[in-house]
C-alpha cells in the first residue's frame, strides 16, 4: 500500500454565517469571519490517495488523471470564486474549512474510485496557522 | 545603515474592475480577477525600514513600534475585509496588488518617519507566484 | 470525524543533560546540545484535535478557544523562556523534543477535552530537519 | 510511543520508462518524465521512526545514529547521481517516486531496527506538488 | 516605479564540465556536480520586472503576458529536459546556475521590453541553500 | 556582475540587555528579549557575494570555498552556543539581530575578498517575521 499526495491551490472569497441568525449575532459568534462584505483566502489543498503500486509501470496511478479530477471537480469550481454564492457543492452549507474539506471529499471520491484507487484524506489549509483534514468517516 | 524587515499577514476579499467598463469588459480585461462576486487572498506583507543602529541599545528601532503602526494603519484595516468596499485608503482605487502596495506605503510612511527611521520598501505577496515591491518613487 | 490543526510558535533556550552525569559526560552523550551555557530554537507547534462537525455552526470547535488554551498553557509559558529553568511542567525533566511534546500534550489535553473535542496529536519541530509527534499513548 | 522525523535532501537525475516499450511508447505513457535524455529533481525525504522514550536520557534514539544510516544507505547513494544508472538498490526498477520510497524503506529498515526503534514511514517529495508516503506494508 | 515578480518552476538534469578537461579533472574541479551520468534539480525562478503603474487599469503589466513569455521562452524549454543536451540557449555553455540565470535573462528581455516594461532581475534557486541573481549588467 | 547567495542556519541562545541598566530596566526596554535566563532562536543566514562570472569555469566562485568561510568564521562559532557568553566577535556587544548581522559581515568580509569576490549583503532571519539585512555601509 502506497500513499500519493497531490497539492493544489485556489483563491476564493467566503463568509461564515448561519441563515437563522442576524448579522450581529453572526459577528458575535464567528467574529470577523462573518463580515457580510466577505473576505478571502489562498487555500492550499493536499489530496492523498492510496493503493497498490502497479508493478508494470511503477505507478500507484497516473498523477495527471488525479490532477484532472481535482481541476474539474474542485479547483475550477472554487478558484477566484465566492464560495457561498457560486459553488454548487457548497450550496446551503456553512462555508467553514471543515465543511469545505468534506465537500471536496464528496466531489472527488467517486472519480478517484473509478481510477481504481482509494481516497485517503483531504487536507485543506485556510491560513498558515489553520488546517483541516478529513478521512471520509 | 541597516535594513530591518517585519512580516505581517492579512486575509481579504477584492475584485479588479474599472468603473467605466461593463462587467463583461472587465472580465475580458482582468479575467477571473474581475468576478463581480469577489474572490480573496492571504496576503503576506514585508515592510523594510532602514537607518543607523543606535549604539546604546543595539536597535535600529524597537520593532514593537513598527508592528503597532503596521497593525493600526494596515492589518486592522485590511484583515477579513473587502478591500474594494471597506478600506478607506483604497477608496476609488483599482485594487491591484500594485496599487495596494502603494496604498500601504502611504499609510505607514509618515508614522515610520516620526520614529526616526526611513521606509525602504513595501513588498506584498498575493499568491506564492505573484509579488509586488514598491520603494516609494 | 474531522481533524483540525492549529500552528503556534515559540522561541526558547534549553540544554540537554542528565543530572547524574558530569558536564563532560553530558557533552559526550548529547554533543553540543549539552552546552552548559544553553542554546535555543524557534519551535513550531502543530496541535491537532478531532471530533464531529457541529451541523448548526459548521465548526468542529471555535478555533479561538483552542488558541486560548495553547496560549495560556503552552506558548506564554515557553516563549522567550529558558525551558530548563523556568517552565513548571518541564521541571526535573530532560528537555528533549520528545519530552517537551509529551509535556505539551499533558498541559492541553484536559482543557481541550472540556471543550468537547479530543486531542489527536502534538507535533513539535525543533529545527527544519527534526520533528517529534506524540499521539498520547 | 513517540514519533521522530528526520528530514534529508538529495538532488538526482532519473527518467521513467519500461524496458519493454519503445521510447515513443514510453513518452506516450509517462509524458516528459520519460525523456531519454533524463531530467532531475531536488528530492526531500522525511523518515519517521517510533518507539518508547528512554526515561534515562529523554531520547527515543540518538538522532545522529539515524542520520548516519540515512546518509550511508540513502543520501550518499542518491545525491548528485543518476538513479536509473548508478543506484544499486534501484537496479532494474522503474524509478517512480513510489518505487523509490519503497526502495529507501528497504535500505534503512534493518539498520533502524538494530537501533531498537521501528521505522514508521518514508515520505518522499519529488516536487512541491507531488509527495509519496510508504508505511512498509 | 513598481516592481512585479513572477515565480515559475522547472525540473531538469544537468552536469558541470569543461569540454577541455577530462572527466577526472572535471570531477576534481566541480565535485559531484560533474558526474558524467548527470544529476538534476527542481529549479525555482523569480523574474522581476519594473515600470510605472498604468493609472487606467492599475497594472504595471498584465501578468498573464509575462507568464506567457516565461513559459514559451524558458519553462517549456527547460522543464523535464537535460539542459546540457537539449536547451538551445545553453548550447556550448557551462550549465552553472550563474550562466543559466544570464541565459534566461537573454531569453526573456526582448519580449518583456516589447510589453513596455523593463526586466529588473532574474533570480534562480538551484537548491534551498544556493541562489543566483542577475540584474543584466 | 552576478550575485550568488548561500543559505546557512544556526541555533543559539541570547538575551538583550545593556550592562548599565538593571534587570528591571532592561525588561522594561527590551521586553521578554531581556530575560536574564536567556532564550534562543533558529537563525537563518543568507550571505550574498557578487562579481564577474569566470568564463572558463562558469562560476562566480566555487561555492564550497564560500561555505567553508561561513562554517569556520560564523556557523561553528554560533551554532548551539550562547551568543552573549561564548562568541568572540560579539563580546561586549548588545546581541541584537542588527549587531549580529554587522558582526557576521566583519567576520567573513576579509576572507571573501581574498577569494576575489565582493561581499554584497548579510541577511539574518531571527524569526519568520523579523529579518535584518546589512550591506556593509
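Each chain gets a letter, A, B, C, D, E and F, in the order it is written, and its residues are counted from 1.
Criterion: a contact is a pair of C-beta atoms (placed from the backbone, for glycine too) under 8 Å apart; a residue touches a chain by one contact, two chains touch by 3 or more.
All figures in this text were calculated on a predicted structure; none of them were measured in a lab.
Traced through touching neighbours, the fewest hops from subunit B to subunit C number 2. Note on connectivity: the fewest chain-to-chain touch steps from subunit D to subunit E number 1.
Of all the chains, the one whose CA centre sits at the greatest distance from that of subunit D is B. Comparing contact pairs by residue number, the interface of D-E is reproduced by C-F among B-F, C-F or A-C, since over half of the pairs coincide. Placing every chain at the mean of its C-alpha atoms, the farthest one from subunit A is found to be F. In terms of their C-alpha centroids, the spacing between subunit A and subunit B amounts to 28 Å. Between the Cα centres of subunit C and subunit E there is a gap of 42 Å. Within subunit A, the positions touching two or more other chains are listed as 31, 128. A complete list of chain pairs in contact reads A-B, A-C, A-D, B-E, B-F, C-D, C-F, D-E, E-F.
The part of subunit E that touches subunit B in the complex is made up of residues 1-8, 46, 48, 53, 56-60, 63-64.
Residues 9, 11-14, 31-33, 35, 37-42, 79-82, 85-86, 127-128 of subunit C are the ones touching subunit F in the complex.
Across the complex, subunit F is touched by residues 16, 18, 29-31, 93-99, 101-102, 128-135, 137 of subunit E.
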